[in-house]
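Both complexes shown next keep subunit A, but they swap its partner, so subunit B is in the first and subunit C is in the second.
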Partner chain A sequence: MIQLTQETRSGWYVVGVRGRADGETADELESALRAALEDHSKVAADLGGLDYISSAGLRAVLQAARAAEGKNAEFAVCALSPPVKKVFDMSGMHHVLRIHGELPC
Partner chain B sequence: MLTMLEEVVLLAVDEKNGQLRSTREFGTAYALVGAVFFDLALARKIDTDLETVHIVDTTPTGNATLDRVLAAMSLRKDITTVRGWIEEMFLRRQDLEGEALASLIERGVLRHELSKRLWIIDVERFPMEDKKPQQHVKLRLAQAILTDQIPDTRDIMLVSIAEQCGLLGYVLSSAELANRRERVEMLSNLETISRTVTAAILNLDASLRQTMTKVV
Partner chain C sequence: MWHNQAILTDTEFVLHGSVGELQRLAAETATFCREHSLGDEVEFDLNLVLEELFTNAVSHGECAGMEKAVQVRLQLLNDGVHVEYADRGRPFDPLTAPEPNLDASLEERRVGGLGVHLVRQIMRDLEYRRAGDWNRITMRRPC
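Moving on, here comes the complex of A and B:
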């Protein structure tokens, strides 16, 4: 299960993500992030409510970052929970993504 | 579209003479097992996290090699880790390279030639019938490595498997590879399956060195 919310804060369009980002929900996550990037130049994924992320979930975030790069948009992931941060750290996602401890907005 | 396994095996074919560059070494065999797992992940049949692998969907993909591996996985609920499955498939692997070559011949990308050397030794060659697929694979690899842009998921996987098979030297010069070593390592580290395959190959190398030391 994954729950997605959207709101705007200080010029950033924030996609809030709760639950699990895995093989069953990765498409939904990637679609939501890509849709946000269609209409906004500064998009943040707030992963504070994400309990679990699998390789499929990571790929969804990475491909959203790729879409942002293609549009010259800003894309950041923020507020990673400890288990999710561990996965990001092991994968070296900080080399590719802009990762913030707090929301950038 | 070619599978990841077919793309890596195609990369191993010398475009000038149709000879296979890979030598069916253990490291390459591990990497080809990794390619099959990537294909299953791309087909949304399996998913992994830092340690475990689980089946998302057991319906066949239509590709005989992938479906054989998927069926084997669905029967063995006792193996749950990526490492466990890489080792299991390595031990019970059939000729993944041969199956990919047969598929590439069927698709009209390669043709098979068998000749004799010194009248007795069989020599197999796989000359290109269509050069475009291999050129496309090489172009994607070069773009993924030489630019700083975030590559497509397939290209990230392709870089890591080609690196593990020792095939990147046929795409880029030594100088280019040396300059972009950090980039190759960064891309290869992004996927759990690649990290596990790399660890398995290193472990195998260490075991072989230990065995050789005992023999000597």
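Moving on, here comes the complex of A and C:
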């Protein structure tokens, strides 16, 4: 199960992600992030409510980052919990993503 | 004086070849960890490792749509959780799969290979063998 919310904060369009980003829900996450990038030039994924992520979830975030790069938009991920951050770190995501402890906005 | 103590048993479950089974995989793993008083970090890691092997088998190993495609056994011993994972997919040895290039740029980065990389990062004593129609992997999560 994954829950996605959208709101604007200080010029950033923030997609709030709660629950699990796994092989079953990753497509929904990728679609939400891509849709946000269609209409907004500064998009942040707030992962503060994310309990679990697998490589399928990481791929959704990577694809969003690629889409952002393709259209010169800013994309950041924020507020990772320690277990989620561990998966990002093991995967070398800090090489290719802007990762913030707090929301950038 | 005798104390009442729950008899701890191994957990075994079978999964069909559908990503819809991921919810059951997560629930079975959570139950095992709760029954053995294992923390959230162990549960997260076991769930992650099993999901990666399972989704590989379904997405790339021809297990999609297959009944009883995957068997999992979890057992808590002194040196951690011992995991036996088996699938009826095409032969695939996760120990010899190439490592993804984690330093690559966004443009160059391949999306494949991450799952197996995570399995190898988290687990110890990984062994693979092909037995008949089955890929069999044994491994240990220290705790």
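By definition in this document, the second predicted complex is superposed on the first by the 105 of 105 C-alpha atoms of A that agree within 3 Å, B and C clash if a C-alpha of one lies under 4 Å from a C-alpha of the other, contacts with A are read in each partner's own complex, and residues count from 1 in each chain.
Heads up, the rule we're going with is that a residue touches a chain if its C-beta (ideal position, glycine included) is under 8 Å from a C-beta of that chain, and two chains touch if they have at least 3 such contacts.
Remember, it's a predicted structure, so these values are computed and weren't measured experimentally.
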Combined model on subunit A where subunit B meets subunit C, clash or fit: clash
Touching partner for A:G92 - first (subunit B), second (subunit C), both, neither: both
Partner chain(s) touched by A:V61 [first = subunit B, second = subunit C, both, neither]: neither
First (subunit B), second (subunit C), both or neither touched by A:A44: neither
Which superposed partner A:A21 touches (first subunit B, second subunit C, both, neither): neither
Partner chain(s) touched by A:L4 [first = subunit B, second = subunit C, both, neither]: neither
First (subunit B), second (subunit C), both or neither touched by A:A79: neither
Partner chain(s) touched by A:L29 [first = subunit B, second = subunit C, both, neither]: neither
Overlapping segment of subunit B (options 74-82, 110-118 or 128-136) - the one that collides with subunit C in the superposed model: 74-82
Residues of subunit A at both interfaces, subunit B in one complex, subunit C in the other: 22-24, 52, 54-56, 58-59, 62-63, 65-66, 69, 87, 90-92, 95-96
Subunit A to subunit B touching residues, read off their complex: 22-24, 52-56, 58-59, 62-63, 65-66, 69, 86-87, 90-93, 95-96
Of all residues in subunit A, those that touch subunit C in their complex: 20, 22-24, 52, 54-56, 58-59, 62-63, 65-66, 69, 83, 87, 90-92, 95-96
Touching residues (chain side subunit C, partner subunit A) in the complex: 19-20, 22-23, 26, 40-41, 44, 47-48, 51-52, 54-55, 58-59, 102-107, 109, 111, 114-115, 117-118, 121-122
Subunit B - residues contacting subunit A, complex: 41, 44, 46-50, 54, 56, 149-153, 156, 186, 189-193, 195
